[in-house]
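The structures considered in this document are given below.
One chain, subunit A, appears in both complexes that follow, with subunit B as partner in the first and subunit C in the second.
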Partner chain A sequence: MRVAERIKNDGGKAAPAAAGPSARSTTSGSGRKRRGVNREGLEAGRRSTRTLLWILLAAAMVLYGFPFLYLLFTSFKTPIDTIAVPPTILPREWTLENYTNALGRSGVVASFINSIQTAIISTVLSLVLAVPAAYGITRYKTLSGRIFIMAALVTRMVPPVAIGIPLASMMAAMGLSDTPIALSIAHTTISLPLSIWLMSSFFEAVPKDLEEAATVDGCSRLGALWRVVIPVVSGGIAVTAIFAFLASWNEFLFALLMTAIRSQTTPVVIANFQTQFGLDWGSMTALAAVYSIPVIILTLLLQRKIVAGMTLGAVKG
Partner chain B sequence: MSTRNTINRFATIGGICTAVALAATGCGAGGPSTTGSAGTSTVNVLVEAGGHAELTGVAEQCKKDAGVDVNFVELPYDGMFNRLSSEFSSGNVSFDVAALDSVWLPSFKDAVQPIDELFTDEAKKDIFPALVKEANVDGHFIGMPAWTNAEIILYRKDLFEDAKNKADFQARYGYDLAAPTTWKQYQDISEFFTRDGMYGTDVKGGVETEWLAHVLQAGSPMVLDGDKVVIDNAAHKEALDFYVSLAKSAPSGAAQVDWAAAQNLFNQGKTAMTRFWAHAYRQIPKDSAVAGKVGAAPMIAGSAGVGGVPGPWYLTVPKATKNADAAKKFVKCAYDYNDKGIESSLGLASRISAFEKYQDKEGYESFGPLIETLNGEATATRPATEKWQQIVDTVLVPMLQKAVAGGDSATLLTDAKKQIEDLLK
Partner chain C sequence: MRISDRRFALFLMTPAALFLAVFVAFPLFRLVADSFFKISPIAGGPRDFVGLDNYFRAFASEAFIGAGWRTLAYTVIVVTLEFALGLGMALLFTTLGRSSQIWRTVFMYPLMIAPIVAGLLWKFLMIDNFGLIGTLLHQAGILSNPNQIGWLSDPNIVLYSVAIPDIWLTTSFMCLVLFAGLQNIPGDLIEAARLDGARAPAMLFRIILPLLRPVIAVALVVRGIDAARAFDTILIQTNGGPQSASETMSLLIYRTMIRFGDPGLASAMGTLYLLAMLAVAFVAVSTIWRPGKDN
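Showing the complex of A and B:
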């Protein structure tokens, strides 16, 4: 490997050793000068890379953050401001009227409770089913396991609208129409395949030696799973839980088809602000802003777990 | 060990949450439902979100008079068709009354039951003729119109009454500036006000209703004459050419302008006139630049007279409901107390007498023009084919968008004819 490449690869720390005998013979002023020039060049390169990364990061933040900020600002606008042509970003006059209207509308509070209820049940169902399934698939590498995990992926390829109507009919036939449990089961069909895949990758990252050590210490396989493996992948479980929760929290189509009076969730109520005869932007954005708060709080609370989960397996091997 | 404790804590919290959630699952937070309960005096009424307010007053009165309790199932317009299709096809409905957009009536005609007994001679006289005709499918009345709407002309009264504008207009066109009563006047006025960053009118490439009203005014049925596709006849071409000709007096990007955009432009004071659904007159925001400055006029007549395309919603009783008696009682209440809808935020009704009761009251100046438009000799409802929505979405709107962008009208209409014939095969 060329010296410059080595320097580049190890950040310049190993440069003298890596340079070899011929380099050692030039430890005079000119050699130090050249190394100094290299370091300066590297520093400059690093600075420009960092600047570029910051620009990209800022651009990504604007790209993802602006729609939400616009939604937030719109929720504080007066009715005429919300439909201004051309649109304004900041409200000309700040008002809480939209929040009063949105939260005062009948059914909104109930829909929040329904959303929370449905999302919790769906998340727990997903985890209860996905954790053992993923563990079994990764630890017992059988053909049926491989087929199963591929089949789980295939279900993600079917558009929800294709199964929505039959699923609604099945729930009705079982007498579960308009109940949060029916909607939770429907949401689990969305989140379960993803949960199995995510958990499989997390279990893959856990060395078998850990379980074997636990078994030597007297644990059964289930005991090793519960006492050793699960704590190790807790970050991964948190990540999976977040994804499952979000999948249910934001889901619209199944909620539209399966709920009515008792179990209507907030995404449907938000959509109700768009009618054939107009769109109440202010109230719609106000309710959407309020609806996003629990998810933001949940994400912040589990942030450390999520980061740990995301990096789980990154140092495998 | 701390990790294990954390896991245990999570498991405990998760377990408690699940237990609580499962315990509460039986009823949901929205209250009890009476789905499928036969012979009760409670009915579930499926309505589009905007229609809920229209029927609230009726529901209150119905409870007092007929002892019928009403639960509203509110759904967004875009999702309602899917929901109806799903429940009607399963034969298991969660509602006892469904409010249907007029374009859906042909699609669901076999899933709802006749309500002929509610269409007495007196009722038929008090409902606009086009709606009586539309409610009758295959010889039976299947839907009671709950509220209806039509496009009328909304114009900026302040600009029309301005002395300088009046003088300038008179000098330029040789007649008085007033609400237009002919399409030539509409064209002139649109041209006159297109200046200083303002436009005379809008052209909506994103919706088909307005162009179809011109077709009716020119004396042709819309798109279909029975089973025959007539979209390439002279009336359609004339209507399309006129529609496109207004684009020079309208904001650019007409292809993308739909109802919401046109309403916003008018409420912002960017257009001097708009052809729009009558309800918009009462929905001008109080802080709008045009609040209190808007006048209303009937839809303009063509060679065949005044013609508009009504936008009614019908109350129907599904065949699958187990609570048909109470459902029909509610539909009757909706007819009897039809004027209750006028005091709602949407402010519409379906009975002529209900509109007439309010037309002379302050704030309801749009009702006179609306009645005139709905009674217009050329006014007609959309063709009774279950493929209508598909024709609109896949043929008519794309064709209009191409036309307002400069496409050749004759070619576009010929192509559209072929596409519609293929759809109807």
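Showing the complex of A and C:
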């Protein structure tokens, strides 16, 4: 699809194009004289406009970032202060009590291990299935490939609640109920279509001559895929892996329907805090923080790749 | 001996296709099949074929019709607000250019947060008595009493309140997609419009939005589908209450299946829901999306 490619190409192009004017606009003085030259594309040139825009951005960032900061602050309050009336933004007293309470509760640490296990199995499964499929779709433009990618797209429209129960009873019939395997298979039904779309767009960017050269050199087609093409798209595979991992890590409905005690993942445990132990907000906020922060950090570290994948995924999957 | 390219492509696609057939298509088939039976909630209980009876019951039930309208309203609320906010942020980031890049990254952070955590967090912010939002509005002198607005307890506004975490989570997504689209608009086009004396509103409505149309369409479709399936955030905030005022289709199906123990009826509702989604998706795909028509 054209939009996807344009967006894809764009991440790279946009940066250098925008670099010029903003670098210039920071040099003081002759701004007025250069006004016409200064503004390239949609970028604002005038200093007063820019100041106003920065203030707007700062306000938006504060509003947008505050909820999560409040979650963090709350997690460091004492359990009683957590539900104090009126609430305070910062803790009156900083303590790790909520963390020790939350992590000390039976099943919480186990649920972390389950979450990690499930997400890893699901990511591997998605990649193993999606990489060859996407390659088959993009390299050989057959009718079946076209039908398949449409079918994968339709899969994305299926409401999880519609297939959750039949899927759960299928797993029970296969003797897999309440196992990380069953849940990771369920999660793969979500991440596989997305992975196929993402990988297709990455394969699309690989020049065909590459594996033609390899096959001329005596590689089989599978050999060419494995030894020549896969290394070229390894960055794309990494992005796809992150998306598959996140899809599983944050998933709740299938986890609610398909897990009981042994394979419960952390989102289900967080939700259960509400009923099982009364309203223990302090522990809930602590556990939510512990569960979210690793993936937020991961994202910030890999942000460039993830942004590229996210916009592609938007258009493609 | 080389097998034909077509066979080889098929060979590569088969594992994924089999997986989707077994774990998506088959459960869907089961769902549709179940919708024609009256099923006892007890495992191994009786199954009686009742034809279209479950469908008649679904259409006759106020809960189902209500949930349908609420799902539509919820989707419209979420997508509209997200689009407006996302476009605003995308324009802000574009007009500020490269120097705002780091903030663009930071702005993305809610996308990594589990919907269940987001729902929980906003419930905590909006809850009666110790919710921070009511308190802050009270301290700012806007509300006479911190509990004046029952964000999650007033049936008249709860559908808006439960939409907030969803909007908060995915405005970033809308912003990212629109931002990428904005970078595509050729600079000289903007320059030409500027030389012609186009002011900001004209620039936005006459040039930017029409040029962004394909990207906007895609973003709205993707988010619309997701919003119509929302479950986690609503479940943890209100469980569909008060008085079912925030019970959307996913929640109703879930409750019919699990709490009211009527898998037959739930399957009929699920089938109708799925058909509605597919119809919308089909129209969207055939008119604006057109995937697979590469190059």
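Structural remarks
What we mean here is this: the second predicted complex is superposed on the first by the 218 of 317 C-alpha atoms of A that agree within 3 Å, B and C clash if a C-alpha of one lies under 4 Å from a C-alpha of the other, contacts with A are read in each partner's own complex, and residues count from 1 in each chain.
Methods note: a residue touches a chain if its C-beta (ideal position, glycine included) is under 8 Å from a C-beta of that chain, and two chains touch if they have at least 3 such contacts.
Remember, it's a predicted structure, so these values are computed and weren't measured experimentally.
By the touch criterion defined above, A:124 reaches subunit B but does not reach subunit C.
In the superposition on chain A, A:234 makes contact with subunit B only, not with subunit C. With both structures placed on the common chain, the touch criterion links A:113 to subunit B but leaves subunit C unconnected. With both complexes superposed, C is the one of subunit B and subunit C in contact with more subunit A residues. In the superposition on chain A, contact of A:271 is made with both subunit B and subunit C.
Once chain A of one complex is fitted onto chain A of the other, the partner contacts of A:94 are absent, as it touches neither subunit B nor subunit C. By the touch criterion stated above, A:165 is placed in contact with subunit B and with subunit C alike.
Residue contacts after overlaying the shared chain place A:181 against subunit B, while subunit C stays out of touching range. Once the two complexes are overlaid on the shared chain, A:84 sits against subunit B and subunit C alike.
Contacts of A:295 after superposition: subunit C is touched, whereas subunit B is not reached. In the superposition on chain A, the residues of subunit A touched by subunit B in one structure and by subunit C in the other are 83-85, 161, 165, 169, 252-253, 271, 274.
Interface residues of subunit A facing subunit B in the complex, by the touch rule stated above, are 78-80, 83-85, 107, 109-114, 116-117, 120-121, 124, 127, 161, 164-165, 168-169, 172-173, 177-181, 184, 227, 230-232, 234, 237, 252-253, 256-257, 259-264, 268, 271-279.
Of all the residues in subunit C, the ones that touch subunit A in their complex are 2, 5-6, 8-13, 15-17, 19-20, 23-24, 26-28, 30-31, 34, 89, 91-101, 103-117, 120-122, 124-125, 129-132, 135, 138-139, 146, 168, 171, 173, 176-177, 180-187, 190-191, 194, 208, 214-215, 218-219, 222, 225, 228-229, 231-232, 235-236, 249-250, 253-254, 257, 263, 266, 270-271, 273-274, 277-278, 281, 285, 289-294. The residues of subunit A lying in touch with subunit C in their complex are 1, 3, 6-7, 10-11, 13-15, 17-19, 21-22, 26, 39-44, 49-50, 53-54, 56-57, 60-61, 64-65, 67-68, 70-71, 74, 83-87, 89, 128-130, 132-133, 135-142, 144-146, 148-163, 165-167, 169-170, 185-186, 188-189, 192-193, 196-197, 204, 221, 246, 249-250, 252-253, 267, 270-271, 274, 281, 284-285, 288, 291-292, 295-296, 298-300, 303, 306-307, 310-311, 314-316. On the subunit B side of its complex with subunit A, the touching residues are 3-4, 6-7, 10, 14, 17-18, 21-22, 24-33, 35, 44, 46, 48-51, 71-79, 82-83, 85-87, 89-90, 92, 94-95, 101, 149, 260, 263-265, 267-268, 270, 277, 279-280, 283, 285, 287-289, 311, 346.
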